[in-house]
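There are two complexes below, and they share subunit A, which is joined by subunit B in the first and by subunit C in the second.
After this line comes the complex of A and B, so read on.
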């Protein structure tokens, strides 16, 4: 059996099936929805950080842009939700294109510039002077299109598509080319890999993933403030979840989300500061002792994990 | 209005130089990003707050205690984290994540200990009455904080350029491997620089209640961004570049606040992105770093 098919059958299908059918067995749909959002975001971070090595510290900027693109299309253009999602994705894509020059920066410089960019977008969106367009800091209300079941279903579709993309990256020349660029851009270029094209494509795909899921998030919750969707927690959680499981793998970010977001929901909501303490310690321990994530532990034992 | 913005910008610029200085010193010597910088600043602010509230200690006295305590705290923290980090494949990236974890731990512990409420110290403990200069008047707390920041920057200059230790530190900044090869005890030099970096952050924290408004355990993130803007404008890795960065930042902030106040919050981000894209090495830098 080809590896891509095996990955699809044994990882993608079960995860998507669980996301699709759990709401019938478990009544807290919002919690499940948040799991789907973070599964998608963690894989979106995986595309850019795992495969190309750029740390998107301002990933929430795309999520928020998608959410606002969706909402403004609904409010001002009176689009129905599905075309409005395309508008959200287009807005995130546009922001991604606008930020492509940042890819010239390396390492920490990129991470910092990306964080600054996402905060700049947040400051513009939440500026009271733009109340007529973005509703400023007073938030968005989309009660007209509120439809939890449909939007949940769409979120699961986006999750499936994102996982499919990761399966593709894990098993294709393009994914291999991206990892070659991450390891050594100059050698990859010498070997005939188009470095700039690879990086820009990965960056834009990652932006669109966040934009799409951000749009669905806006649709699902339908009432939110700029702080909600531009919250740095989205970037940080997605990065930590992906890193905890193991980047540049298919299962790593899934494991990370299921375990860490599970812990978060068990203790983090009532006493956020204790969760913050635990995940702070986890991150420190992870970087010092297990920099390649949980999945690397299995690899060390000789078990191959997709 | 123009003179006011310029002079106030200069005072704030001196203060912002100090805010960025510690981060830049650590980056310059160890090539790691201390993302917990803002949290050490916050701890300094809380130390000043409690010393003032419990014992009525003047912040100008607390600053000395804070300086010593955080410099000493830096040594064990250095040996706990940094040598392991520097041995890794990509220390710069990993350091961002590691120190982010540390910043979360600090923020969580501070929240557990003190709660999330805002704290401040009345400005008149640094002296009473406004200071008049060139027909403008400024709160005395600003003037004292600006002066103290200037003194701290001067101290770093003397440490780096007028002592043997500073000479060794600059050698490590220029080329770590060569410094090792010439027999410099790189870990000792770096550990001291790390301690000095934390002490500078905490010192800036002591004056934070006067310059930045009230302090909360969650203030670290914003401070980090501001510090990055300051040191990137100056020059990343060149500690004295942060003075230029700080003054450019302080003056532009005051101009934004005087003329386009509702957009002033955008300034650090735009300045940061603009400089990174146009001149990634900063205004005083020599090398250009690109991917």
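After this line comes the complex of A and C, so read on.
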């Protein structure tokens, strides 16, 4: 069986099926929705960081831009939710295009510049003088389109599409070329890879993923403030989850979200007073003993991880 | 452009008045030379004389600041690396730069998939076997020793099917048996019509593989001819060993 098919059948399909059917067995749909959001965001980070090597510390900027693109299209253009999601994705794509010059930077410089850009967008959106357009710091209310079940379903579709993209990157020449760029851009050029085009494509794909899921998030919650959707927590969680599981793999970020976000919610509910201690120890332990993520453990045992 | 259309008398590469500046320093100062298909040209000179800079400009890492680079009848100065690779120019690096987390086979597959300039699909397995890397094909490149990484760098370059190959200090660190094998490999490449530009400090190796050498000093050529004559040239001896009255 070709690897791509095996990855689809044994990883993508079960994860998507679980996301689609769990709401019928478990009543806390909001929690499941957050899992779907983080599964998608962690894989979005995987595209630009795992495969291409740019740490997007301001990844929440695309998420928030998608959320506001969606909301403003609903409020001002009176679009129905599905076309408004396209508007959210287009807004994130536009921001991604605007930020392509950042790809000239590398390492921590890129991460800091990306964080600054994300904060800049947040400041513009929450500017009280723009209340007429963005509602400023007073937040968005979209009660007219509120539809938790439909928006949950659409989120699952976006998760499936994102996982499909990762399966493609994991098993294609293009994914290999992106990893070559990550490892050594000069050698990648001498292997015939168009380095600038590869980086820009990965960056824009990653931006659109966050924009789409940000738009669905806005639709699902319907009432939110700028600091909700531009929260650095989205960037940090998505990056930590992806790293915890293991980047440049399909299963790593999934494992990271299921385990870490699962633990986060379990401790947060049962023993919130120990939450930060346990969470901190877990992450310190991983960084010390498994810096390449959980999947590197399987690799060490000689098991090929999808 | 096919090899058949090249007449034997026409150089594959013609470098004329090439200038590369870094600030006020002229790393390449009006360098001129040419290279025929199937010829192996040695580029020698003291440290800092511009040998690697010359290869870096030829492979698109830096744009030239002056002069012309004519390859197979077209001007190539300032083209990006991947474009040059598609035209049939490739190189190895003095310090190998493999894709460390990718496997040895994947390292070569990327180049075979994206960099092909001529011929059909590259025979990745055959190439690895010919450079004695077939036993390592499934291992990450990071686990190779430095000689194996050099061979992998060469395999990456060869997988693109180059017509002009620049080799930057490939021989340094190789043992005598490995040196002989690499020399034979380069000669076989030249016999198949590939033009080679070889930068090397090991004069024995240069003598063994090259048809002709150019001696560089301070960014331009001070001698052009066969190595045996170079060592009798007064200016070349001065550059390498100093003058009698120089102290």
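Heads up, the rule we're going with is that the second predicted complex is superposed on the first by the 290 of 306 C-alpha atoms of A that agree within 3 Å, B and C clash if a C-alpha of one lies under 4 Å from a C-alpha of the other, contacts with A are read in each partner's own complex, and residues count from 1 in each chain.
The working rule: a residue touches a chain if its C-beta (ideal position, glycine included) is under 8 Å from a C-beta of that chain, and two chains touch if they have at least 3 such contacts.
Because the structure is a prediction, the values reported are computed rather than measured.
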If you count the residues of subunit A that each partner touches, which comes out higher, subunit B or subunit C?
-> B
What residues on subunit B touch subunit A, complex-wise?
-> 33, 81, 84-85, 88-90, 92-98, 100-109, 111-112, 221, 225, 228-229, 232, 236, 262-263, 265-266, 268-270, 272-273, 276-277, 280, 289-291
Please name which positions on subunit C make contact with subunit A in the complex.
-> 59-61, 80-82, 85-86, 90-91, 93, 97-102, 106-107, 109-111, 113-117, 153, 156-157, 159-160
Subunit A residues touching subunit B in their complex are 53, 55, 57, 101-113, 115-117, 119-120, 123-124, 127-129, 185, 232, 236, 239, 243, 273-274, 276-277, 279-284, 286-288, 291
In the complex, subunit A residues that touch subunit C = 173, 176-177, 179-180, 183-184, 186-196, 248
